[in-house]
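You will see chain A twice below: alongside chain B first, and alongside chain C after that.
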Partner chain A sequence: MTDLRIHRHPILKYVRGNPLKFYFEGEERTGYENETIGAALYATGLKEFSHSFKLDRPRGIFCAIGQCASCRMRVNGVPNVRTCITPLEEGMTVERQFGAGEKPTNTEVRKTFKKELEADIAIVGGGPAGLSAAIYAAKFGARVVLVDRFPKLGGQLIKQTHKFFGSRKHDAGVRGIDIAERLIKQVEENPNIMVLSEAEAFGYYEPATIAVAGKDTIYRINAKKIIMATGAAEKALLFENNDLPGVYGAGAAQTLMNTYGVKPGDEIIMVGAGNVGVIVTYQLLQAGVKVKMIVEAMPKIGAYFVHAAKVRRMGVPILTRHSILRAYGENQVEGATIVQLDDNWQPIPGTEKDVEVDGIAISVGLRPTYGLLDQAGVKIQFVPELGGHVALRNRNLETSVKNIYVAGDIAGIEEASTAIMEGRIAGLSAVIDMGLAGDDAKELRESVRAELTELRAGPFGARIRQGLEKVEVL
Partner chain B sequence: MAENGEKIVCRCMDVTVDDIMKAIEDGYTDIESIKRVTGLGRGPCQGKTCIPIAIGIIARATKKHPDEVGYITPRPPVKPVFFELLADEEGESE
Partner chain C sequence: MEEYEKTGVVTLDYLEKLGNVPSEERLKKGPVAMTECIQDIPCNPCAEVCPVKAIEMPEINHRPIVHFDKCIGCTLCMQVCPGLAIVMLDKSKEKPRLTIPYELLPMPERGDTVVLIDREGNDIGEGKVVALFFPDKKYQSALVTVEVDDDRLLYEARNLRVVN
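Right after this comes the complex of A and B.
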């Protein structure tokens, strides 16, 4: 059977637990503890997870982090299980789902619980922003409840194997995965912070209540302050057959290989030569995946020069003014047709070229998640410089709805280092506004703000600064 | 199957570029109306990948600013939640 698991890696050591037997449509397969169902299926060569409900088109993983719902399958007789975030268990039966899925045959009712929690501060999202907000708020005695979707805290930082840029003060030269470990340890050791893992915040209710679905418990968290740090989702791209299994976000490719040690394919093409596209390309090469080329619609490469130069040296051509026209293949990606673009972004006839690949990774940017904010009635504006719809706020990151703060990618797409600074500011602002902390917290906030300003200085921060002028208006 | 070259905007609800263009031709020019007419963004993910693409298409076709096209409000549950968690056993309440 196909084995796409990575066994040797220059940076990462994969901690696979015990082997687990499971069944895909009656056929025995092997996965491991710490793998999700989706990762185990990908590792054993399956890309086609389901068929869509109206057009009966094959579908598979697109985001790999529980955002997009493309990975839903029937697990143990229950339809609509998001396999990309559901941990694999011994003896599971997994089947492709067709359309909305047949009703469950497994009608055994689990014992479930309801719990009400009181908190000074509820934080939604356990990435760099959420963790930092929790640490800085708990420093001043706030009782914090931190809600996170994944089995492991750290958000997308746990798959960032590259070293960070910037000054030493901002962890330049340290790998994202190591920064994540440090933050997670501080949160887990802090008695003022209660962590709800594998828990999905699914609704906001007045006056400041978050509804959360845990594994077997529904929580109602009544908080005095709420910090939304729910991050971003990957953007998709329009081309023919853009939904074919094997077309996925660059971040999804990164999750499969860096979090689960599974190659997203053997030979792939990267669409987009921004920082994410180029860094993930480098990581794909480290994982033993052949990246045939990067195509970029813009006339120039968006990524930092050193990164782009590195992947070129390693033999990956970067074709600017090129785009993807279509994906092709029977039920999963067998290739991509690329094309050259003219100065008006139109395909130049006759320049089409087929490239045989088994994966197409899309890195055309991220978009802030705004769902819970919108439910709360927060004023939201479309700001292209920040990636999409973001909350209006004041300098302390409080939104137009009193007691609701934002931090990290939800406030505008930036870097993990700026997310950490925003998390600290939001955490400090919450304790200051509650009266839990005084001048020392205010001083600390000023120094964090100064560091954040420094991170955004220079030509790379120009666009972000422009975007912030439109939203820091309260 | 994959030969017919559909360009999918909304993966959950199988809404194509052609579906959106047709809705625009029928006179719907804001995202909330187009959501109701085509099903865009009404699946379990509530518009995670489709809304930015749809805003782009609508803004270009109608020459509106993206802010005028609007956005949709995801309803609770913003993420799929199993019924067994929401349901109470018979006669039991909190």
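Right after this comes the complex of A and C.
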């Protein structure tokens, strides 16, 4: 059977647990502890994970972080399980489903419990912003409940193998995976912080209650303050056959290879030359994947030059003013047709070129995951400079709904280092506003704010500064 | 728009104009850092880590400027640079030496002859690995020092490949 698992990597040492046998549509397959069902299926060669509702088109993994619907399957008789974020267990039966899925036949499989929790602060999202908010709030004695969707804390930081920018104080020169490890340890060792993993916050109730669906328990968390740090989702791109299995977000490729040690493909084309596209390209090369080229519709490369230079000297061409016209292949990607664009973004006829690849990675930006904020009635505005819909807020990151704060990519697409600082500000603001902390917390908040301002001060921070002017208005 | 923003490749001419290329005379005195970090990005660990304050960066969003007369070639800036944008050049030994950061497999071994690659990914020559330094024990990424026959390679080679 196909095995796309990576066994040697220049940066990562994959920790695979014991082998686990499971059954995919009756056929025995092997995965490992610490893998999700989706990762184990992908590693053993599955490309078609589901079919679209209406037209029955094949769909493959697209986001790999539980945000899209294309990897949903029937697991142990339960439909609509997001296989990309559900840990694999021994003996699982996994089947593809058609349409919305059939009702569970075995009602015993899902007994659910109800539980009420009291907390000072409820934090939604265990990425760099949420973790930092928890650490800084708990520092001042707040009892924190941190809710996270994934089996492992750390958000997208746990797959960032590159060294971070910034200053030494902000861990510049340290790899994202190591920063994540440290933050997770601080949270897990802190007696003031309770973590609910594999738990999805799905509702807000006044004044500061959130409803959370855990593995087998529905939680009602009654808090005094809520910090939303739900992060972002990858944007899709419109082109013919953009739903063909093998078209996936650059972040999904990164999750597969860096979190689970699974090669997303053998030969890939990257669409988009921003920092994410170029950094993931470098990481694909490190994982032994050939990246045939990067196409970028803009006239210039969006990424920092130093990131672009890394992949150029490894022989990857970057074609600016080029885009993807269509994906082609029978049930899975066999190639991409690229085309040159004119100065009005129109394809130039006659410049089409077919590139044989088995994967098309899309990195055309991220958008804030603002659903819960919207449900809570927070004032939201579309701000292109910040990546999409973001909450209006004050300087302390409190939104128009009292008691709700935002931090990280949900507040505007930036970087992990800025998310960490925003998390600190939100955590500190929450404890200050509820009277748990005084002048020392305020001083600390001022110093974090000063550092954040400094990081955003350069030419690359200009767009962010423009965006913030529109939203920091409360 | 600068050409490098379109291509992802900077020319030696451009680096020379920026004052990023150390002189022949300086190279003869011993190893020295050459930075290829040419944009004003929010990053400064190289300047922070330099034990002799040879890297000038008044603000975090400025690009680094190396004072070649002060630089002692210790490689600390290379080890910490997240952009992998610093190399060391040295012409004080019998043969010219180039040190580059390397984070790929297979990792070369001392004594190996490796293919040297330029900023655009073209093979442009060969070098002999004379030293390997692993800054962080946890990882396999390394600083690789190669000896070359042709001076030009010091200025043009920025990547390598292990030949089996």
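To be clear about the criterion, the second predicted complex is superposed on the first by the 471 of 474 C-alpha atoms of A that agree within 3 Å, B and C clash if a C-alpha of one lies under 4 Å from a C-alpha of the other, contacts with A are read in each partner's own complex, and residues count from 1 in each chain.
Operating definition for what follows: contacts are C-beta pairs under 8 Å (C-beta built on N, C-alpha and C of every residue); 3 or more make two chains touch, one makes a residue touch a chain.
What you see is a predicted model, and the numbers here were worked out from it, not measured in a lab.
Room for both chain B and chain C is found when the two structures are superposed via chain A, with no clash between them.
When chain B and chain C are set side by side, the one touching more residues of chain A is B.
Of the two partner chains, neither chain B nor chain C is touched by A:A416. Of the two partner chains placed by the overlay, only chain C lies in contact with A:P459; chain B stays clear of it.
Legend: residue contacts after superposition of the two complexes on their common chain; A:L196 is shown touching neither chain B nor chain C.
Looking at the shared chain after the overlay, A:Q381 reaches chain B, while chain C stays out of its contact range.
If you stand at the C-alpha centre of chain A, chain B and chain C are 140 degrees apart, rounded to the nearest 10. Legend: residue contacts after superposition of the two complexes on their common chain; A:L41 is shown touching neither chain B nor chain C. Using the contact criterion defined above for the overlaid structures, shared-chain residue A:A142 touches neither chain B nor chain C, since it reaches no partner.
When the shared chain is aligned, no partner comes close enough to touch A:V390: not chain B, not chain C.
Once both complexes are placed on a shared chain A, the shortest Cα to Cα gap between chain B and chain C comes to 26 Å.
Residue ranges of chain A in contact with chain B, taken from their complex: 52-59, 62-63, 66-70, 72, 78, 80, 82, 109-110, 112, 114, 116, 149, 200-204, 211, 213, 216-218, 233-244, 326-331, 367, 369-372, 374-375, 380-382, 384, 388-389. Across the interface of their complex, chain C is touched by residues 8-11, 162-168, 172-173, 273, 285-286, 288, 299-301, 304-316, 318, 320, 454-461 of chain A. Across the interface of their complex, chain A is touched by residues 1, 4-10, 36-45, 48-49, 59-61, 79-85, 103-105, 107, 117-122, 139-141, 158-159 of chain C. Partner chain A is touched in their complex by these residues of chain B: 1-3, 5-9, 11-14, 17, 43-46, 48-50, 52-53, 55, 66-67, 71, 73-82, 84-89, 94.
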